[in-house]
């Protein structure tokens, strides 16, 4: 039963989630609760090992539900590492710790399913696993009105998004009679798509666009990010977004038919996302807007996938490579930024004024936040710079000069709000801070933050190392 | 089946009625119902597609939509109860306008 | 294709659409749920005409029988003094609110209809076979078992969510509860 | 190439010693006593003077062996494209005379200053800059090329700025310093352009200037598309602009009277004897360029004679003793320019030589008077100082008669020679001569006025005299001797000045007629006119009249109350016009200063609000967009779903109308 | 040697972080040691680069074609020397001025130095860009944290302007990269590779425009200068010093090292326009400077004027123009640094820098007055200082280019006198202010710093050939190279037409003595 082995990663994750739930009933409090974190980490590690083990050995498996090529494996690993990072830095809730970590594992599961998607149904179910997990995570802090509000908003809108997705898939299915992406790809080759299929894919893009928070399907992002606990917001920004773009990758054949649409989403996200952040005063909303803009950059990479490159170029310079790299780079930066922020300010609404002087009173998380923000802004000595450069150079290589320049201008606008964060963090004295008390962070959390901030810098000096780590570990 | 294509149209109409419902309704319960309508319409479209090609994949997809709808409603209604407790209303506009925290 | 089939299809389609319309404009949540159930019955009939009797049954059992009942419970639970008709904050959507989404929806529907008309018959020969529950089951558990697995997990997630959120539902004084989650 | 020169005295010591003194004073200004600063400076200049004499003697001995100049190249200084220059010093007849006068007069003035500045503040600063000035001036005259000369040229300007503004507590002094610097700097713009132009079309290496004489003036220059001759005229005009700025010639003369705000010894050294004659030096140095075109020479002569006339007319009505001398200086330099313009280069230099003595003398004497009167400068508040300050009086008389050109004084010899050249040289004419002669008469009149009003008659105010120390009087006496007798240096057969410069200017100078009778008649004419002028002056400004208050021209106010900034002290419009120095200041204020301030303000405003406004507007536009998108974010699910639906509809429409076509 | 210039600031920053844990003085001392060391290294580098181009070339990021390629020719080495020289000063002037968060201040300063050094040495476009962007964040912190006045606004403005500019620059770079891939199929950012790209005229226009905006902002070229007016005055002294002394040079440097190299046709097509623009900048800055009433704002505008002088030289780039520009880059760096140092010292003493509250300071601070006077004169181009030589060369080049431009350039020198002396007199001259708080004269540290700067200026003024003689055209853009050669040649030949150098010259004394000896 070779093909069964192929779903080993998914199986490990789901089984361990269930195990975790069972264990959590035994370990409601005390030091045992730390065990939950380590079980999760262990599960993710085991899933990663399984991924590496199965990578490329069996090809399409389970009737095309999962696709275990080296590439999808690397995407899955990237997403798993992001979830693992969230697991490591996430504070353990006093109640429902088991549920929390189980949900994180479910998120990992959804991401892996999406990264290796080979089938429309897998896509739908993967997105649903991820979404449902995230609804709960957003509304996890049910004592907070904002949290509930965000949770319900995300639930409704994500439901609408999923419905669009399913509806679009249904129309496509109605035309081609298959759910397999490979077959869909084959059936579009060299043929003009009927309008109904075009429309179906269009609605499908609405659904994916919603998960990505691409303009104009971005509206939910700021409210939800703000309402969610930091780890959840980080996950929405990183793993969920990465999984969505990864799920979009097999649909690169859409670039023939829907180029204009995707380009519009891309340009719109890059511009509107950055414009939205311009004068925002609440930090999590700023990060949300920034995530919208980053989707634009990712889509820019997606647009270039079909481009023929000169054969002499190294294989590492493909658009897919740039996208995976960027998923990791952006994911780690966004997660890091949310976590570092959460480490300093735990309340739901964090305004820029709440950051005043934290550079002095909380130097370590502040410095980490600084580095992550620099990375988000794409300034040098952070991997964000290389990530962005990979994408933009890919766009240039593909000849999409206008889009690339729009993106560059967008990132110039975006710099404004990143710098605002830095300014408020460092250039205002602590006395100006309306809240004098700060959170205490565990040294473990600090260590993880420092390590990843250091990684952001170190990998910026050796970006290729990171690249090969991502693409070539198996 | 000859009704496959008309059924697609019906699904489309239902779907967009659902979307309209989500947009215009202010009460969370109605919004959730509209969402159900949308999911259901998507399922209908799948079944129509399945009928068009005479193969089971579409129907199977509907089988996947079912638990999704159920799970969404379960969580949605749980949230609705909590929200009603917190805000004393299910009116999404008032909830949005209510001061956070 | 018989006249009976056609009349069932068109009638149930009409019922489904009309009932759904009433759902989105009704004031009374109780009635809305009932109309939604009616709409689901209509869709179920369409399933039947489309040769999916098993799904038609499932539609009624799961959607109408389970999900809608859940709705009813909640409506009951949240209605002051047990009378949902008096829920104060439920308003009918005004015409002005309706215009924009209705217009866009109409455009989209027209696009689909046009697309269907333009493409003519999408498949050369329309299949006429009825997919039986047996066929479905075989396909489901030979080709799509991962989907089944995932679907079950989705339900599990729903349970976990319900469990977590429901835990709060029983607590009246929230200040006692500390959910320290950053 | 200059290994041989080591056997000759190093010229670097001449500017080097005062520079060293200045350096010492500046570096140790914190630790030395103020008085020592004076002595360090004086010693430096004295040693420089001695070394200059020594070098000059050695040089003169060498000339007898056929050498033309004494050239020491330090190092390659400028090296880019056509801007090629050494840092090198050159001693020849012209620079030798200048160096001697600068160090000699400079030494005396330093000595005078040690007493004059004794109880003043900022002595160290004063002496530092004074020494630095001497060093710069020496570099100016000794430099072997025009680029290197610029170091000295601007250096003296900078020192002049610092010294005029020595008493910077008063805003008007600062304004005067700025004015002096700005106006001369304006001239320097032309000078720099002129030097660059010359460097571009030829050379500004002083040892090679002769090559201009060998060039074909009709060749067209490839860059400018003008002939060489035309370019030379342009270059000459540009140089003249620089010279006019530094030497306070029309129309850039306005700064010099104001520059009198500096301490009096500074006026003596910088604004009478040395720096202001830099223009004369420049033209004498570039005489070939000028001599190559008659028009250029005419311009120089006309500017010179007009300035001479201008200065003399203004001097006649001034009430401030130093301003009288300042206008007199303007006038006398005009005479030098006249001499240069008519081709009598050596005579021009001769007048520089004599003028340096008598004008320095007059300034120092005036300084003594002012010092004795505790800073009083209005001549109508003086009077009767003959008895109180007999030594100063005698010295002043010596200076004024030299200035007036009373026969047998140095001024007589030099001025007469100029007038004679103006009349008889190839480039001269009767008009120049006439104006020059008139000016000479005016000169005699205001000279007499100075003596009569200041020293004769009865005191017009209460004096608490402050007797001059020997260190003040001895320099006066020494200078007086030179003022009276230096003229004999240009007596044929004795020490013939013109003959001495013959090898330098060669054929480029225009020889005046050597008609002895004519010369004697002309000399007689100027002698008679000078004496007559003095007489007129003595009548007009006799003590008797002064006592009666009948001052000519008749003042409209108490003469003692006349101040520099008084606009119209006299009854007569002409007199007031002259008092205000022909209203040049007013003219420039209207034409240049005020518009410039205005432009500056307007531009400043433009920059702050319009140029920056473009960017601010850009940011406002971005913020408007931001505002639009943000208002959509109202937290209501319906709105958000509506936007999604809108997006979906947009996608559908795009697909319907554009299909799968790529745009 | 090349690597050391980068390693020392980096290691210095780390050591400062460590030393900062002990105490503030420790951080200062370590920073000083680090900068002095890098000055030493830069000196050695320059000493080597004087004779030969030093290169380091390693493939850094193969997947991307980024090379860790450094190249130090004489000009680059000079710029590095200037950078490390001014870095020493930046540390030294902050000794007393910076009392808060000393450690991080010095860390940012050293990172800034690192970025600038990379910019000057990079032989790879991406490395260059990396260094370019690396300057942003340190400068943001230096201005925003330790500045005065509207510091956050100024910091913002600086960062946004520079970054927006660099976006255009990056577009040009990526376009070149793209074209190189299209042409050869090889991905590389190495300048030597990208120089092989043949762009059409239209492409060159766009590419050059991108570079122009990117570099023009930093330089700054009119009308991209408005950030400067806020950033220079509001930065701490060390920041103003680095901004005006070094960062503006990176723009100029990039303009000819990169802008002209990669788009020679674009450059030469834009050249007349740019020359006029630079000229306008000279006048604009000088005129506005005159009416400023804030010392640092005045210096800022003055700096604008001077930088446009340099740009003019770069744009004309004949032998004189280029040498003048290089020389002026150093001298402007030094003299403006000194002026900012003095302005900072005044501001530090009385917490104000408006003319109204100043005046008559010379009496109470004679040493400061003397230095102020010297540097005011240097800033107006007094002969004897290096500024004069630079401006003279540039004026000469302008005159050679066109007489109108030459004339205007010379006139511009006059306006420099206006604002420089106005600045000096407003602060130092005039009646002593009635109620002046304790205003100590410059202390020995400041005296030492200012003396070194003054001596440097005089050395540059008297021995400019030290700088200009080794300028090796081999590593410059070919455009500059040919212009330097051609214009000079026409000149010398025209010289030959006009005058014969070997005509009969008067003999010198030395000659005469020789003759005489020969006779005997």
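Descriptive notes on the structure:
Letters A, B, C, D and E name the chains as they come in the text, with residue numbers starting at 1 for each one.
We take it that a contact is a pair of C-beta atoms (placed from the backbone, for glycine too) under 8 Å apart; a residue touches a chain by one contact, two chains touch by 3 or more.
Note that the structure is a prediction, hence the values are computed from the model and not measured.
More C-beta pairs in contact connect the chains of B-C than those of the other pair, out of B-C and A-B. Note: the chain lying farthest from subunit E is C, by mean C-alpha position.
Distance between Cα centroids is largest for the pairing of subunit D with C. Between the Cα centres of subunit B and subunit E there is a gap of 65 Å. Put simply, the C-alpha centre of subunit A and that of subunit E have 44 angstrom between them.
Subunit C and subunit E, compared by their mean Cα positions, are separated by 71 Å.
Per-chain Cα centroids separate subunit A from subunit D by 77 Å.
Counting partner chains per residue, subunit C has residues 97, 100-101, 105, 108, 111-112, 114-116, 122-123, 144, 147, 150-151, 154, 157-158, 161, 165, 168 touching two or more of them. With touch defined as above, subunit E holds no residue shared between interfaces to two or more other chains. Of all residues in subunit D, those touching 2 or more other chains are 635, 637-638, 641-642, 645-646, 648, 652, 656, listed in ascending order. Chain pairs that touch, as defined above: A-B, A-C, A-D, A-E, B-C, B-D, C-D, D-E. Interface of subunit A with subunit E (complex): residues 309-314, 316-317, 321, 360, 374, 379-381, 385-386, 389-390, 392-393, 396-397, 399, 401, 404-405, 408-409, 411-412, 415-416, 419-420, 422-423, 426-428, 463-464, 467.
Partner subunit E is touched in their complex by these residues of subunit D: 1-2, 4-5, 7-8, 26, 29-30, 59, 62, 65-71, 75-83, 87, 121-122, 125, 147, 150-151, 153-155, 158, 161-162, 165, 168-171, 174, 177-178, 181-182, 185-186, 188-190, 192-193, 196-197, 199-203, 207-208, 210-212, 214-215, 219, 221-224, 228, 596-597, 599-601, 603-604, 607-608, 611-612, 614-615. Taken together, the subunit E residues at the contact with subunit A in this complex read 61-64, 101, 126, 129-131, 133-134, 136-137, 140-141, 144-145, 151-152, 155-156, 159-160, 163-164, 167, 170-171, 174-175, 177-178, 181-182, 184-187. Contact residues of subunit D toward subunit A in the complex are 622-623, 625-627, 629-630, 632-633, 635, 637, 639-641, 643-644, 646-648, 650-652, 654-656, 658-663. For subunit C in complex with subunit D, the touching residues are 97, 100-101, 104-105, 107-108, 111, 114-115.
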